[in-house]
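Okay, so chain A shows up in both of these, paired with chain B first and chain C after.
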Partner chain A sequence: MTREKVALAPHMPKCWNPDTKPHKFCPGCGHGLALKMLGEAIDELGIQDKVVFGCDIGCSLLAWDFFNVDSVQTHHGRTTPVITGIKRARPEIIGIAYMGDGGGYAIGAQHLVNSATRNEKVTAILINNTNYGMTGGQMAPTTLPGQKTETTPYGRDPKETGYPTLGPEMVAAIAREGAYVARGSISNLRQLKKYLKKAIQNQMDGNGFSFVEVLSSCPTNWRTNAEATWSFVEKDMAEYFHVGEFKVPGLKEEK
Partner chain B sequence: MSEKPVKGSRRVFMTGNEVCAWAALAAEADIMYGYPITPQTDIMQYWTRLAPKYGRKFLQTEDEISAGFTTVGGVIAGKRAFSATTGPGNTLFQEPMSMAEMMRIPTVVIIPQRGGPSTATVIYSQQEVTMTTFGGNGEGFRIVYSTAGHQDLYDYTIKAFNTAWKYRFPTFVLGDGYQAKMREPLTIYDPAERGIEMVKTEPLVGLPGTPGVDRPVQYLRNTYNTEEELYDVVMSIAKDYEKAAPEIMEWQDFDTDGEMDVLILAHGVVSRAAQGALPLLKDAGIHAGHFRPITLRPMPEEQMRQAAAKAKRILVVESAYGQFLKLVKEALYGMDKPIDTLLRPGAGVTAEEIVHRIQEGR
Partner chain C sequence: MAEVAKKTALTQDGKKASFNLFPELCKGCGLCIQKCPVKIIVWSTDLGVYGTPAVCTNDQDKCIACKNCEMVCPDAAIRIVKTEEK
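For the complex of A and B:
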């Protein structure tokens, strides 16, 4: 075999835009994995022509031309209301709001909370990498106790700055029947894809608000090598942020 | 489509907020997004009562930031979407409206101004001129109609939708608490019967076909990587705005044909005081004229200058501490005309007060 034949094109979801690949995320960043699972979910549901993908400010905005689906890049924290506005005007559209932990839990927290309480028929996907990546690694609502960031250089002190936001737990507590809420991780892609698919299917079924938080990595700002990065996602983060489904329509809630 | 909300034309006696709701219905607005704030709230209240009867929609959001961004979403989806707000709500609206400016999203927002700064009063003012014309981190690529009464509110709310969708700039109907809350007689009409055709709306997302397969993908963004890239985008918006401006500008002049002792410059409801002052001034032997810009963005600068050229002095009257005055000074830059002012921030202005100010200045 010649060398050219060995270098096969990498497998990409059909709904990805190959012209914008390789993507713009840092090496080792979890966004690419999350977006790969989202792409496969869109492919498997056969909805490339129906999805409108909204992305937030921060690293999420690098996904503005990621997919071959109609996309809109908004302001920091404002993707949820933009997608809500689209969905309210055109209910046949499948609206996906893609954001980071700052966008969802800090600057846009009021939109997440109220979309959940109104049971908006949209799907929100939130990437939790425990810091503000694009602005250079400041403390996020999800920064772990003791974790060093640019604005917590001696480690996050919960006495001063509170504890990390437990997003899915909060959304599950305020959302009513029909909502789907889960937390996945880039360390278990098969499970993550299952959650993303269910979150989109839930919108397609007209049940209610769907929310998936994704535990993700940020080696650039964490200043970690591959091993330490993976360990932080799989151990430190997973210990605080429990992976699983928090609300599934039709299922009796587990206490 | 369901039955027309306004058939033919008829005389009515309504509050300005009620007028706006009827105008939006007559203009075939599809959906309103909004958050309650006085004195705007009745627009939503009338809309929520009337809209379902005609198959139109409504969403009450969690705040004005959300109201602005959901309105942007509705327009992106291809619907004639609008909102209404005022005061601190207008402040929060500046963020979504800067996005609308950048992305050429034809939103329509009705603003019955209230007193400021801050929470201030819920009654009346013209203190949202600077914010509505040049607010946000933008360049003022907006269209602002300043209405003087209820017929204006009806006419310009309908027109706002067409201007917005024709030229693709965020468009504002700038009224005030007096107009919002008081009743006046006016004629409401079916725009089609007046030969007004509603400009067709177009979706920016969710087009027919499969993106990237049988049609191009719609990528909407407001973020750019390089200075050059951004510069080109902004300059192209500026060029479109300058080109459209002469077609959009509107104004009225009163008794400005001959030489004038004084030209009164006023907009919105204060223009009515100026109009009322003219006969009183005439009786007092003063040759006065009045120029009223209806669009504050774009400002009919050339027309204002022509009127100003014929007057010995200028008097700027407004219910703000010099917000309109700034626009006037820019429009008249380089002209050698003394400018007097009657600035009454957040307070009403009567014809007599204008007359008094002119006589006092002589």
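For the complex of A and C:
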């Protein structure tokens, strides 16, 4: 098979920062896919100059130079309040809080819950990869029952450690009218992009809190090859975490 | 906005589309191999950015230009260019 060398521009979203590519995530990491869909959503909405992107501590902080947008890297779990503060000071910007399951469901759970309760007009995107990736794959609130991690070598026992957090269900239960809550997956990228676009659009319309959880992969800490990675995301995770929209704002009242 | 700078791509021409791989972006995760509906993507003898095998197709004429591989690549290392109809 002949392979010629040609000069060609890679097909990246326009708002990506091409100088920082290849990005810092592991091979096969779902962050790249989620951020690709987020980039395409930002491109299609044409809001690159208005977005303020905040990333949490954990693997998600590796996205600090990912986009050519204003970015801030916050304390662990405090991405939602930082973006909330920026949004309150400058209501014309579009605030996107990007976090992992540790930053959203563990140390940052209070902020996620309170922002949802207050119906802050920000967009929170949470990447669920069922473990703490950056520190070496310890058990997270989202680790599936029976799943082996560094700190649960015999599999997670729900009797001792409880059941995995169902974030979107929780946020949908406490959020008020006007909130948008959905769960997407990297196994269905077109649907994921639709959800992300709706979540950003919901903020632009001034309806309320928007929250999208993304089922993602972590081949490094799951110790899986590509085939097992896809099967874990598509079968094991999708079985417990149901993909879909949980709360969609109804038609806004005419002024 | 600055245009995305051109990079070196290894190209394989086929009937419907050409398969272009950027070795300096490919990390060799293999996600595309699993998602190809006609199963033509295989490990290549070329190396990616981490010195791991990159990917190529073993019969580019079978490619149906669905662009699944381009979509599931987290690093945008694959670009499918459709052959213009003659």
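Basically, the second predicted complex is superposed on the first by the 243 of 255 C-alpha atoms of A that agree within 3 Å, B and C clash if a C-alpha of one lies under 4 Å from a C-alpha of the other, contacts with A are read in each partner's own complex, and residues count from 1 in each chain.
Operating definition for what follows: a contact is a pair of C-beta atoms (placed from the backbone, for glycine too) under 8 Å apart; a residue touches a chain by one contact, two chains touch by 3 or more.
On a predicted model such as this, the values are computed, not experimentally measured, just so you know.
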| item | value |
| --- | --- |
| Partner chain in contact with A:Gly155 - chain B first, chain C second, else both or neither | neither |
| First (chain B), second (chain C), both or neither touched by A:Arg88 | first |
| Contacts of A:Gly136 with chain B and chain C, given as first, second, both or neither | neither |
| Partner chain(s) touched by A:Ile57 [first = chain B, second = chain C, both, neither] | first |
| Partner chain(s) touched by A:Asn68 [first = chain B, second = chain C, both, neither] | both |
| Set of chain A residues, in rising order, touched by both chain B and chain C | 48, 68 |
| In the complex with chain B, residue positions of chain A that touch it | 15, 17, 48-50, 52, 57, 61, 64-65, 67-75, 78, 81-90, 92-93, 110-111, 113-114 |
| Chain A-touching residues of chain B, taken from the complex the two chains share | 30-31, 33, 57, 59, 61-63, 65-66, 69-74, 76-79, 81, 95-96, 99, 203-207, 209-213, 217-223 |
| Footprint of chain C on chain A - complex, ascending | 1-12, 14, 16, 18, 21-23, 25-33, 36, 48, 68, 189, 219, 225-227, 229-230 |
| Residues on chain C engaged by chain A in the complex (per definition of touch) | 1-12, 20, 22, 24-25, 27-31, 33-35, 46, 49-50, 52, 56-58, 60, 70-72, 74-77, 79, 81 |
